[in-house]
Every structure is written in C-alpha cells, then in structure tokens.
Amino acid sequence: MAGRVVREIARAKMETIDGLAGAGVATVHEAQGRKGLLAPNLRPIYPGARIAGSAVTISAPPGDNWMIHVAIEQLCEGDILVLAPTSSCDDGYFGDLLATSAMARGCRGLVIDAGVRDVRDLTAMGFPVWSKCISAQGTVKATLGSVNVPIVCAGAAIEPGDVIVADDDGVCVVRRTEAEAVLEAARAREANEEAKRLRLAAGELGLDIYAMREKLAAMGLVYE
Amino acid sequence: MAGRVVREIARAKMETIDGLAGAGVATVHEAQGRKGLLAPNLRPIYPGARIAGSAVTISAPPGDNWMIHVAIEQLCEGDILVLAPTSSCDDGYFGDLLATSAMARGCRGLVIDAGVRDVRDLTAMGFPVWSKCISAQGTVKATLGSVNVPIVCAGAAIEPGDVIVADDDGVCVVRRTEAEAVLEAARAREANEEAKRLRLAAGELGLDIYAMREKLAAMGLVYE
Amino acid sequence: MAGRVVREIARAKMETIDGLAGAGVATVHEAQGRKGLLAPNLRPIYPGARIAGSAVTISAPPGDNWMIHVAIEQLCEGDILVLAPTSSCDDGYFGDLLATSAMARGCRGLVIDAGVRDVRDLTAMGFPVWSKCISAQGTVKATLGSVNVPIVCAGAAIEPGDVIVADDDGVCVVRRTEAEAVLEAARAREANEEAKRLRLAAGELGLDIYAMREKLAAMGLVYE
Amino acid sequence: MAGRVVREIARAKMETIDGLAGAGVATVHEAQGRKGLLAPNLRPIYPGARIAGSAVTISAPPGDNWMIHVAIEQLCEGDILVLAPTSSCDDGYFGDLLATSAMARGCRGLVIDAGVRDVRDLTAMGFPVWSKCISAQGTVKATLGSVNVPIVCAGAAIEPGDVIVADDDGVCVVRRTEAEAVLEAARAREANEEAKRLRLAAGELGLDIYAMREKLAAMGLVYE
Amino acid sequence: MAGRVVREIARAKMETIDGLAGAGVATVHEAQGRKGLLAPNLRPIYPGARIAGSAVTISAPPGDNWMIHVAIEQLCEGDILVLAPTSSCDDGYFGDLLATSAMARGCRGLVIDAGVRDVRDLTAMGFPVWSKCISAQGTVKATLGSVNVPIVCAGAAIEPGDVIVADDDGVCVVRRTEAEAVLEAARAREANEEAKRLRLAAGELGLDIYAMREKLAAMGLVYE
Amino acid sequence: MAGRVVREIARAKMETIDGLAGAGVATVHEAQGRKGLLAPNLRPIYPGARIAGSAVTISAPPGDNWMIHVAIEQLCEGDILVLAPTSSCDDGYFGDLLATSAMARGCRGLVIDAGVRDVRDLTAMGFPVWSKCISAQGTVKATLGSVNVPIVCAGAAIEPGDVIVADDDGVCVVRRTEAEAVLEAARAREANEEAKRLRLAAGELGLDIYAMREKLAAMGLVYE
C-alpha cells in the first residue's frame, strides 16, 4: 500500500561509497558477480559524471511527483534519490527547483525510471541525473506514494540504503551489507586489469594471455 | 488530400516569439496549462540550442522530401520548419544543402518527426534540429504532400503560424492567438520560481514552502 | 554452423578506404545508389569520429564475447571490427581492455549491433564505437561463434573485407569490389553539391535550381 | 486547461455512421484521401469487430480514469469513447464495470491510446476495445481532465462528434462534416474494387488492368 | 553469483492458490493495494487461460536454457516456472519437450521475460505461457544460472514460493505470506463489484453511485 | 540500384519444400545449425498456418507497393512473396486485391517486414501473412524497387529461390542449395525428439536423459 515514509535507514560507510564511485559501474558490476545493473535505457543527461551514494527510494504514481518533496526531507549528505513510477511514465518528474532543494540537502544525484526536465539548468548546476527520457511534461501532486520502501527501478530491486553507483556506463546497485566486500573485489579486479592492459597494449593477444587457444580448439573452432 | 500549399499564414509578433524562446520549453508548457508538448522522442541533434519561431508546416509522404523544397519558398525570417510524415518513417529527410537554403531564407531550425542527416555539418552551421532519429538514408522526390496545412507532429496538433519553442527539454507548440497571454504567464511563473529557488537553496523544504504537510497527513501519509 | 574462422580475406586498397572516410556516410550511401546503410539505432558513443576500414566480421552468441578475442588476431592495420549477435542482445560485449588490444593491432573502431561499456575510457582513448546501446553488463566466454563469415548486422548484409564507413550519421557498408567506383561517384557527387551549396546560400531556391516547378504543377500541386 | 466538459456536441446521421462501419477502415481511409488513421499500435482486444460511432472524447491525466465516469454521462446511443492520456501511459483505464455502464448508455466501443483490463470479460460482453496495450494496472481518481474537447489520440486529431470507424485493420477518424461525402466515396470505391477482384481472381495481372507496364518502362525498370 | 539451486521452498496452501486463480489478475492486483504486477508486455500465447501457482524461479543467462532442466526437478504439483534472463533476450528458451517434462511434474504454466517456441504444440497441449515474445531461435546449455533465488521478472521482484496469478490481463505476483489476506480482500472486492455491476447495467451512473459530483465540482470541473 | 527484375530464378524441388513445411520453423531452424531466422517481430495475422515456398523477393521503397504488382507476374505455383522495404515503414503494402491476384498465380503467402491491411478478408480467404504490423495506411505507386534480387528481410539475408518456412513460431529461410540436406536433418531431429518426448512424458528428467548432472557439477552448480 502506498503512503509510507521510512525515516531511519541504515547506510554504508562514506569511504566505502566513495571507493565504489572511483571504481565505476562496469568494474563494480563485475566485482559483485554480474548482478544489480539497472536497465541500459537509463542514460545520463550529460557525459562524464561518476557518483556513488546511499539510495533514498521513492515509489511514485505515474505523473505525480509529490513524494519527491517528501523524500528530500529524508536526504542525508551523500545520498542519491532513486525513483520508480508504479507504472511506466515518461513525464518530467524533476527539474531545477527540486535539484536546488536536493543539493541543499547534500544529494549527489538522481536515478529515475521516468523523465526529467530543465536539463540545461541541471547540467549547469552539475547535478547529475540518469533517466529514461527527457520531457518537459510536468507532473501533479495529487496521490500518495512511498519513500524509503523497497522498489524495483529499471529492472533492479533496490532497498533504501543500498549503494548506487552511476557513470557513463549506466547505474548499478550494491547491497548495503555487501558494499565493503564488493569494494575490495573491485580493487583486486582493477589491479589485475592494469597488468593485462599493459600486455595488450604491447600487442600480446588475449588468446595467449588468457590461454584460450586450447579450450577453443576443444570446443571445435576451425581455422580456414 | 495532399497537394496543397497555403501561401499566406498569420504569425505572432516577433517580440512575443523571442520572449517565448527566452522562457524555454518547460516554463512555456506549464504557463499554458500543460498542453502542446511534442512527444519526448524528438531530441536535439546537439545540446544547448533554445529557439522559437512561427511554424511553416509540412505534411510529407514516407521517404519523400519533395515538399521541403516547396516549404522553403514559404519561409519568412524567424520561421521554423515543422515536418510530419504521413506514416512513420526514419529516413533522413533533411541535410546540409536544405539547411543552407533554409538559413538563407531566415529559418531558425527544423522540427521533424522523422530522421535527419549531415548532422556534423548541421552542428557546424549552427542549424538546430529536433528529430526522431539520425539517418543517412535519403529520400525521393516523387509524391505530393502539403505545406502550411494543419498537421499532427509527434502527437501534437500544429497549425501553420503557431509558435514553436524548442530547447534541450524538447519541443512545445503555442497557439498563435494565445502566444502573448502565454508569454505573460511564463514571465509571472519565472518571477515566482526565482523566489522559491532562493529559499530552497537556503535549505528550506518544499514541504514547508508549499504547505504540503497538512494535506499529506490528511491523505493518510504515515511516517515510520 | 558456428565455429569457423576465416584467416585470409581480401581487402580494398587503403587509399580507396581513406577516400571513402573523407566522403562520409551520407555521401557514400547516395553514391552507391542508396544501399548498404545499417539501421539508424546504431549510434556513435561520442560525436565527431569519421572512419572507414575493412570489415573483420564476428558472429557471436547472445551475451558471449569469446569470438572478439579470436577476431583481434585476424586484424590488419586499418580494419574495423563488425559484430552481429545471433539474437538480439543489449550486453556490453566490449570495453577498454579489448579496445587496447584492438588498437595495438591497428584497428580503427568497432561497429556492434549490441552494447559496449567503459565508454568514458573508450572516449579518452579515441577508440570510436557505433553501438545499439551502452551497458555495463558484461558477457561470458562459453560458446563458439564465427569470424570473417558473412553476417547481417543491424539490417545490412556484410561480407568480410567489405568497406565500412561510419560517422555521426551512422554506418554504411560498401562492397569491396565496388569500393573504387563508389569513391569516384562520391567525389563527383561532392563536386556537384558544392556548386549547389553556393547558389542555395545566396538565396536561390531548390525549386528553381532543380527545375521542379513544372513537375510539381503537373502532379497537381495547388497554391492557395 | 483541464477541467472542461462540453455537453452538447453535433453528431453525424446514424445511417451515415452505419454505412461507414460497413465499408471498414481501409476503404474509408482511402476514400477520404488517406488521412485520419490512428497509429497502428492500437489493436483490437479480440478479432472480428467492425464498428462506427460518434466520438465522445476524453483527455485524461496519466494513470487517472476519473473523466471516464464524467464522459459516460455524455454518451448517446451509437457513440464511441475515445481517450487520449496527456502523457504516455500503459495503465488499464477501463474494465468490465465501466463497460457495463457504457453499454447501458448505448456505447458501441472504446478507442484508447493506453491500456485496458478485464479483457476476458469485455470479450464475453462483446464490448470491443482498440487499445495500446492490455494491463491489469488500474488507475486513480484524483485529477481533472476534460470531456468533449479536441484531442490527439494515437497521432490523429479528433474532434468530439467526429465519426470513428474501427475494425481489425485499426481505427480511422472521419470529420463529422465530411462523413456523408466520405461514405459516398467509399461506396464508389467498393464498387470499383469488386470488378477488379473478379479480373484478378481470373488471373489477369494488375500490371495490365492498371496499365502500368509503360510507366514502369519509362521510369527505367529493367527485366533481366 | 550464479550457480545456486535452492531445493526447499515454502509454498502457500493450494486452496488459497486456487482461490486467487479464480479471482483473476485485475482483482488480485487491486486487492493487494496495486502492487506486484509484471510489465504488460508479457502476453499469453493463447487466450482464455487463468492460472495460479507457486513460483519456481529461474535466473538464466541470455540465450541459455540449461537451468530450466534443473528447475523442472524442483517442481511440485501446482507450481509455475518463472524465468528472468540476466539481460534482455528474445530467444525461445522453452518448447514442447520442456513443456512435456514440466507437465509430467505437475507444472501449471510458464512465465518468462524472454521468448518461447513451439507455440502451436503448447497450445494443443494446453500448457499456458506468458512471454515477452515468440521466437523459434533456440538456446544453448553452456553457462550456469540459478534456481529458486529471488529474481526481478518483467519489473516485479519475485521470491521462490510466491504465488503467481496469470490470465488474459497479464501476470501478478502475491507474496506467499500475504496470499490468504489477499484472497480474502479479493473476495470482498468481488462481492462489492457485483452489486455495482447490477446498478450500472440498469443505467445508474458511476458519478452517482460513487458520489463523485461534489468532489469534481470542488476540484473545479466546469460543464459547458 | 533499384529498378531490376530478375525473371528466371532457380527453385528447390516441391517435395523438399513441402517436407520443410511439415517440419515447421523451430525444427528447421535447429536442423540447419540455428541460422536463417527472421526477427521475431514478424507475426502471423492469424494462428495455425504452416507453409513453405520459394522466395520471390521484393525490395520496395517506404510507402510504395508498386513492385508487388511486378513481382506477382514472376510468381510460380508454390512461391511465397517476401518484401523488405528499403527503410523502416509500417504502411499496409498489401490487401485483399493483391492477395486475390497472388493466389490466382499460385502464391502460398506473404512475408513482409512492414504492414498489411484487409486482414479480416485475408483471414477469410486463407491467405497467410507474416508481417511487422497491421495498418490500414495504404501506399503509392511512384518509385521503382527491384524484384528477385538479394534482400535483407527482418534481419535475415534472403536470395530469390531460397525456401521460406513460416508458422506460428515465425519465419525461417533455408538456402535453396541446402534445402534437401536440411530436410534430412530435420527428419532425423524429429525422430530423435519423439523418443525423448515419451520418456519426458513418463516423468524422466532431462537432467538424466541428457546426462547433465556431472557437467553441471563440474561447472560448479551448488544445491542448497
């Protein structure tokens, strides 16, 4: 049932969150076993942003952004707003006034499986958004939704307080309780990749570095 | 029936048109009661343009851009070409040669519920386009359409001479006869927003500024 | 049947290939009689790149990028990787490590009817990609595909060694054996367009330059 | 602005309307010069229905079906409800209870650029619907829309009182003032087609019946 | 991480499950507060089926149906297979042989956010499927997924053992622990609807039955 | 270049073609190594048809069906028309008159990566069509295409004279020169499947029939 606001949510440590931001979405996604990615039709409104933060979740009716105002009061420094409409909607739920308010509360960005507007202003303000579309069509404030309840956003299940990582590759959610382990795995992965990068840049082949030739032959690969 | 060209169309005053450009799509759309927005899948080929102009409308067969040549002759300084194909089509109806011609006639841009091409050249020329897609697939010149007739473009009904406003948020149409009233409403809206922006930036909440707490409680919102 | 790698493919002359890059997709597509264009939902990951090269083709299972490693060994200086999944897939088949390896082998870019990731790194490296989407969701290495076999990529039939031309307007394939003739036709077309551009910029109308008025009247066009 | 209900609308004569139903969508669309077709993604919930009626139009907010109740009071015998949401929405605005009410008022069917539900019941009741999708997701009753105002539904401009024709081929709108002329043209077209059908069934070719061979040759068609 | 099979899952009582099937998707969805609906692009392969059962969940790689064989061993009488690919895929994961096996284990149907094939046979066998598409493109058996783990299928979070309800309106998931309460609410709803249906069929208006006129007037609805 | 009609094409033996029809799309597709499937968005206009025939191919401009008339003259008993537009188009290229003509020439059906209309009549006539959509929007006859040239239709490369197989699972193309071998493989496959079906129906598991347990364990599958 709609109409619930959960005030207290647990969050991961800020240094863990910031570490995940540094690793980026592709590395974090691999590091946690290829899970938690949001659908790739969520795209950043401008290139180059790379953030992580604790999810303050919003379940909102189609075409109604009332709950964003409620959610903003629940924001702590370093949080990210994550909105899923209860049915598919392209409306512009969020614009420069809400961004001004969210930034004043320490919000790092917005992930929304719907539309945003005022993207020129949002870009100028440096407030990053990952959205399904851009639409000037605004919304009403007539029906209740919920804040800080579990949601499914762009195909991924998200709990309030989970860590959201977002960059030009998309958006990934990390379970709050797994955040430290994932960060550790991400760092190990990066170290490993750096060594491979040097060898590949020098002209060595993945076929040799990863010892694939034998397995490919066993599978029946034929060179003509 | 296709095959009609209307030569004389009424236009709004240029100062009204330019005022609407300054207000931008999101504000104009709100100011006129949330109507007139084109579907959000029309996107600008490059970011940052914000224009307004009088619509010279084109109804074109799929894959046939003959009528654009006819429409260009009807252009006045400050006009915007608005093309709707008679059935869904992704072809690139418009490229750098047509843009050169349209610019020479004072055209400010193109809104098209189909494709465009030569986008690198169009960007270099500073000729803004809002289109459904980018496609190098050209068109033929074999079948008649019409110019300056009422059309439905990307879901919005547009009359020739209506004011088109377009920016990074999308495209909006304002009825010619309502343009001045809408501009006035847009300016009032902007003034009102500026005051709110300052309060929000200072950390005040929308819940308080808009006095929403009581209404939310009456609707049954529960804090846990 | 999957599991074939063709080692030897014929390629067009490098000067022909480079000439086609200079002409660009829209001109090349027109010059070869409006054929060979890939579907317009393949988009560049960053604006401004314009390349041509010989196609090294990859037929890959959904969600499996093993064959890219095999294909990289087959690359020559000036080649372009072209990947078609055997069924629709949004996964990120390709990232910065593979790009590092491909660049080390002389590869000019990637055309893929699926997803890519690490786009911030790819952009920084200047490795251009035309893809259906961007997705951090990686792939496995479990099932065979084929390299340098005929494929259909984004709606276009492509033979290994065909010339791929790609820019902001999309991607076009030119048959290897037709490449020189197409280049010649493209240059003739460019020369012709330049003359028209000057006349259009001076305010002459396409209606007059192309002598369309009589034909339009004969078709029944009515001015009101 | 939303919040308007127009009580009195003009309607075409019932015999004209019923004649258009008999002609069907494809014939009517051709007979009026290929205009007025709604987008083909509107599909019937069950095959075989062929209806026509006067449009009672509804402009509804996304996810809010309150105005359908208001519109039902405006129905006359032989009318068709036509609903366009103010932004894209898949929700099921309409189910068996509303259909029961609409049928009791003489309504012949529903055309909706959104979702419906209870389709098993609607099918059993013989209440035909053309919709964008089927969805059990219901709607709220919180925000005003309008009834019997001009709308754009699935890409077509519709005035209240216009004649809607719908069958397995889709949905077409005929201007109320043109309905009789269109019916006449449709009947002429049907008579003409019947003669051609007999000749084609006997093995004659369209190339000969329509005397196309010469024109094709003049255009440059080559037989190999 | 993929590669897990949970053998023991809790299930709702069969009489509760069968009661929910009788209520149908639209009623169940309303009865549980408008939550749990899968995206409407999942459609039945033939009309008329209405089932409910306990979810045996499958998380499968794109284009790989190996885990369905694993899941079939976990089936109990009255279960429904629910498959979500780890990335978007249209392949036909399931056909008549798997259906034969699943039916032999008591399975009532399949819900799959991907493709199926052999639909003529499945229809003849009376094995209902709700799928994103129909595709003859088969799959491989090369990579592990998981069985009876939490999944997100077509936008809805599903736990193994949750109750799935599916009919012509789509698919809805009911939490196992809420199933009895939802059934009770659904029955209350049905009783209430029946009374309204009779009044509406007799020509009474929803405006009066639901006492909407006053509220509409207060909101500003104007009759012209 | 458009404007070519190839009169003489080679065809497979009729008994081979009819054998492939009997095997159906899913079996044929597997039997030829999982290649040749057209995209799954091509759907039959009515259920239950299962046909095969020799492809008479049509490359047609968007919104222009002139070449269908040309193609009908090239039909032999047992052929199937296969149309690909040169760019994406939803128009209804084909209706009952063309079907009457095609049937009179022995045509077994139509496969079209665009729209059709008069589907009620086509259904009554028993003329099967697999199309991308249904649309009453007709086409013009103004621009040349080609007949019996290689085309790419819905993502598959098709040569004139190739065997097309189509049923409720979709459409598959078999190379003419491979048709007999594919038929043989399809029959072997069917015999093999029948034995498995009986074992599965008796409750045996695929895990045991296909000896998968060991391989799954080796891959790391864990039962909990």
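For reference, chains read A, B, C, D, E and F in written order, and residue numbers begin at 1 within each chain.
The criterion applied here is as follows: a contact is a pair of C-beta atoms (placed from the backbone, for glycine too) under 8 Å apart; a residue touches a chain by one contact, two chains touch by 3 or more.
Predicted model, so just to flag it, every value in this text is computed and none were measured.
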Partner chains that chain A and chain D have in common:
B, E
Which of B-D and C-E has more C-beta pairs touching across its chains:
C-E
Between chain C and chain F, the Cα-mean centres are separated in Å by 28
Inter-centroid spacing, chain C versus chain B (mean Cα positions, whole Å)
31
Mean-CA-position distance for chain E and chain B (Å):
41
Would you please write down the residue numbers of chain D that are in contact with two or more other chains?
34, 86, 88, 90, 135, 137, 143
Would you mind giving me the full set of chain pairs in touch?
A-B, A-C, A-D, A-E, B-C, B-D, B-F, C-E, C-F, D-E, D-F, E-F
In the complex of these two chains, what residues of chain C are touching chain A?
3-7, 46, 66, 69-70, 72-73, 90, 92, 95-98, 100-101, 103-105, 115, 117-120, 123, 133-138, 141, 143-144
Chain B - residues contacting chain D, complex
1-2, 33-35, 39, 86, 88, 150, 152, 155-157
Which chain B residues qualify as touching chain A in the complex?
24-26, 29-30, 34, 37, 40-41, 43, 47-48, 50, 167-170, 172, 193, 196-197, 200-207, 210, 212, 216, 219-224
Chain C partner contacts - residues on chain E that touch it in the complex:
61-64, 86-91, 135, 137, 140, 142-143
